[in-house]
Amino acid sequence: MSSTIRRHGPYLTITLLILFFFVTYLFTTPQPVQLFGTQLVQWASIVGYFAILVGTIDIVIFHIKPLRSKESGQWQYSAVLLLITAIGLVTGVTGVLSGAGINYQPFAWLYNAIYVPSNATIYAILVFYIASASYRAFRIKNAQAAFLVLVGFIIMFADIGLGYVIWPGFVPLGNWINTYPVAAAFRPIIIGSGLGVIITGLRALLGRDVYGR
Amino acid sequence: MTAAVPIWDMFGLWIGAALTVWLFSFAFKDNALYKLAEHLFVGIAAAYSFTIAIDGILRTGIAPVQQGNILRIFALILGCFFFAKYFGKYSWIARFGPAFVIGVGLGISVTTAPEGFVLAQVKSSMLPLWTGDLLQSLTNILMTFIVLGGLTYFMFTFVPGIRGVTKVTKKTPASHLYAVLVKIGIYGMMIGFGALFASTIVSRVAYLIGRLTDLIASPEASIVATILVIAAIAYAYQHEKKTAVGKIEQKESKKNP
Amino acid sequence: MNSIEKINKILSNRQILYLLLIAVVLGIMLHPLGIPIGIAGQTRDVYNYVDKLPQNPKILMDVHYDPAGATELQPMAGAFLRQVITKSPKIVFFTTHNVGPIMFERLKGYFPDVFSQLKYGDDYVNLGFLPLAEATFASIAKGAQEFVAKDVYGASTADMPIFKVADKAADFNVVVLITTSTDPVEYAIRQWYTAYKMPLLFMVVAVIGPSVQPFVASAQAVGMLSGQNAAAQYELLLKKPGSAVAAVDAQSGAHVLIMIYIVLGNLIYWPMRRMSKKAGGKTK
Amino acid sequence: MHTLLSKTIRHITSRYLQSVKSILTEDNHLLSPVFAFSAPFAVAQQPILGIINPGRTATLVLLLIIFILGYVFINQAQKGKKFPIRKIAGFEAIKEAVGRAVETGRPILYTFAYGNLYGGYAPQFMAALGILSYVSKLAGQYDARVITTFGVPEAIPMVEEIMREGYRIGGRPDAYTQNDVRYQTTEQFAYAAATQATIIREKVATNIMIGPFAAEALIFAETGAAAGAIQIAGTARETQIPFFVLVCDYVLIAEEMFAAAALATGDESTAAVLGAEDVGKFISIALIILGIGLLTLLKVNLGALLSI
């Protein structure tokens, strides 16, 4: 019995939930059923917090390993990481439990000094990659690439002030490309992803692999 | 306390500037200071996420239970299932947490995707080919072909000529039409990708502007951090020459000049 | 090595390009040029839409961005708030990005002129971070107050007056989704527009702008602002230029540098291809 | 900072506002933004047939068509019916790419992004794992080394299993080492930095990136190009496709990666499901053509029918 639950339980849970929402969304159902549906989505949302907790624990575990084995060139960094995590957790959890939340001053100082600038910078590095990629890759190798480059240039001119100075028409032209052909170009991808969701739902209904095995 | 705040603020600014410069140095060369900054970032991010999740559980999970919404306790129980994966014997329980999330997630997305992602897009693709205005009409015709071409491109199984893979395929009108539509689909997508590429440059440059704005705010810190990072990069080059990888690289470069 | 190969070597030196890029952006930021900006139709549509909102509009705002995206999105959010503040709005803020609570505090600090006119609990409320999941969007639509028992500051939401008028999907006049990612856009389309026909207004980073375009074109969203240039245009339409307007000159500079590199890359590409063909080598 | 910013703003503003006045009065639309169906459709208020929620009939019909057809197709596939899949250039290039690694004696890098298996990106991860099984089999056959980097904690045992199995089928079970399966945390840039370092340090000959990549896509593609690797990429995250199209040698655009996964695993039921999806696209095409025809010739609005 318990082995049946272990193996089929998760799939059965998924199937039942999909069927429940299928019925309640498409057909008229009594009020209590609707309210139960509201409870279900609220729970599913709150469970998301626990997934974040697990992700954090995974990162800590990942960095304990090199520290234990004294992996050369890595354990020092892992030690720094674990230290800062510990400091952050102590200040953060103190703040939350004391009622000040994330605005607890020491914790706020930590994230304002370290997290905010690092987060912004690590994305900003990408500007360098896109610059060098532009030089090396934005080349008219064939007709398709020529098309891509042409559209790219028009949009670039439309996006910056200089384009407007060169020819004021760049702004409406860019706007036209964005609102009409670009919308049309991404439409098949969106229709495809919508159908993909339906198909994933079908696979889940049939108890096939959605996650794991 | 009042006297301490500016000192801490100053210290925070310096750390922020140093981290900015050190992380930027990665684009030039991987070095020790970059790694230090990266690990500080990941460490604090982990602590931050953990804290904010605990905060969230208190606000949306435990507080309602205290206020009398007893059913909310199921959310907490389902959440605790996630931790079962760390206890070998009970790790099978851990699959029920994700199963619940997947079930609800698919349940609400499968029912809304047909209208939101398929039918709405189909409806707005039904454009009149002649509206009386030449430019609008040409635009509609262009859009129609791009959409139809793209949809054809993403068909994988029911494609003309596919069953004759082993035989010599004959050109039928259907396969000609298919080839033309696929070509239109590819070119249509290139318009989209070109626009996307150009827009991406806007975003990435904006990030850089944002960072430089902050660096200008604390010039002394930025300059000190830059000098440190130049030293670190120089050290990384020196170190690389000494290590085995560096030696192999040098040998290879001698072999193939 | 002939001259073309030499030029190619200099141009493909990443370090030189990176330094040039920093120099150009930094230089223009310190000495702005004052290039005029043209206003795109899409931005004006958003401006007009907000302009036509009724008095006391009920607004739901998802602050889904991080410090990186703030450069583009914070000016948009601020400009929107400045435009709507004249109508004495009721705004429910929440965030599905874990850095969102910080970004909200920064938004508040950056636009004191807006928030000083709003009373917390009566005119606006911040529900804090909620997990980024489709279920979160569905839960909010079914009743924000019942879902989140305590706001980001730990105060009970049960007796806040704002939730008497702005709680469920049907209450809101417009939903503003400020986002760096396509995930919340998709969730909003499915759980807010499709299920409840809530009017969506997107404010997105330029990276995802084009891929969100079909939703705007099919009228599933009432409008979209995409990227720093749209933020600058919006600020200009409001006649309250801010940090986005200040940044567009540096944008122009960086773009011109990148365009020059693209053109040079193409000018070099063809002779090099011919050369390598002559040498019998394979091009890549 | 504020003084500098405000100085900058004041400096520019004075010049801008002059031009703004004229801009404000112009209409910069090339076309008026009016679409055929830009106004929301009138939605029925009463339940249809007494039980179906108003406005959701079309959804029900579409869902039922695809569910039923999908079920029938899967059944047919299990009974031996073949669902041939069209040629996919990116998939066919994998053989060539593995060959390149064998020739040069350098490893293949296979990376498939970061995340978890219970979010919306699970299908993409599963497709990536399917293609990995194909790559590891080829590597086993032709004596190449595959290094896998990823940031999906739940996938660690699956990847180990797939790699071991692949080498075993290829006839070299001893070629598998745990060291080549590298889980690199769910933190985006920690994963990105680690994978990038792998590309450089291992001097990979072939770089295969398939999965729901975010901003790190460009970092990998650029680094791989700098390392001179032959690159195959695939993602259904449309924001990253342009970089792959420009920088990589072969790209699986959006859903092509699912089709490639079906080809890679040879699983007929996956191909059958693709068939059901194609029916959905075929319905879309038919509706669009019909709708356009009715609208252009008879001025009849099919869209309204779809809104019941």
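Should a chain be cited, it is by its letter among A, B, C and D, assigned in written order, with residues numbered from 1 in that chain.
Here is the rule we use: a residue touches a chain if its C-beta (ideal position, glycine included) is under 8 Å from a C-beta of that chain, and two chains touch if they have at least 3 such contacts.
From a predicted model like this one, the values you see are computed outputs, not experimental measurements.
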Chain pair with more C-beta contacts, C-D versus A-B: A-B
Rounded Å distance, chain A centre to chain B centre (Cα mean): 6
Centre-of-Cα separation between chain D and chain C, whole angstrom: 23
Inter-centroid spacing, chain D versus chain B (mean Cα positions, whole Å): 12
Chain centre separation (chain B, chain C; CA means) in Å: 15
Overlap residues in chain C, where contacts from two or more other chains coincide: 14, 18, 21, 29, 36-42, 67-68, 70-71, 98-99, 101, 128, 130-131, 133-135, 138, 147, 152, 154, 186, 195, 206-207, 209-211, 214, 217-219, 226-227, 229, 243, 249, 251, 254-255, 258
Contacts with two or more other chains, residues of chain B listed in rising order: 26-27, 38, 41-42, 45-46, 48-49, 52, 55-56, 58, 60, 98, 101-102, 104-105, 108-118, 121-125, 139, 144, 147, 151, 154, 189-190, 192-197, 199-202, 204-205, 207-208, 210, 213-214, 216
Overlap residues in chain A, where contacts from two or more other chains coincide: 22, 25-26, 41-42, 44-49, 51-52, 55, 59, 101-102, 111-112, 115-117, 119-120, 122-130, 132, 134, 136, 138, 145, 148-149, 153, 156, 159, 171-172, 175-176, 178-180, 182-184, 186-193, 195, 198, 200, 210-212
Chain contact topology (line, ring, star, complete or other): complete
In the complex, chain C residues that touch chain B: 14-15, 18, 21-22, 25-26, 29-30, 67-68, 70-72, 98-99, 101, 128-131, 133-135, 138, 146-152, 154, 156, 158, 186, 189-191, 193-195, 205-207, 209-211, 214, 217-220, 226-229, 243, 247, 250-251, 254-255, 258
Contact set on chain C toward chain A in their complex: 11-12, 14, 17-18, 21, 35-42, 66-71, 98-99, 101-102, 105, 128, 130-133, 135-136, 138-139, 142-143, 147, 152-154, 186, 195, 206, 209-211, 213-218, 226-227, 229, 248-249, 251-252, 254-259, 261-262, 264-266, 269
Of chain A, residues touching chain D in the complex: 22, 25-28, 51, 55, 58-59, 62, 122-123, 125-126, 129-130, 132-133, 136-138, 145, 148, 171-173, 175-176, 179-180, 186, 188-189, 191-193, 195-196, 198-200, 202-203, 205-206, 208-213
Chain B-facing residues of chain D, complex: 1, 4-5, 30-31, 35-37, 41, 55-56, 58-59, 62-63, 83-86, 88, 116-120, 122, 185, 187, 189-190, 193, 197, 200-201, 238-239, 241-243, 245-246, 253-256, 259, 262, 271, 274-275, 277-282, 284-285, 287-289, 291-292, 295-296, 302-303, 306-307
Chain A residues within the chain C interface of the complex: 25, 38, 41-42, 44-49, 51-52, 99, 101-103, 111-112, 115-117, 119-120, 122-124, 127-128, 130-132, 134-136, 138-141, 149, 153, 156, 158-165, 168, 170-172, 174-175, 178-180, 182-184, 186-187, 189-190, 193
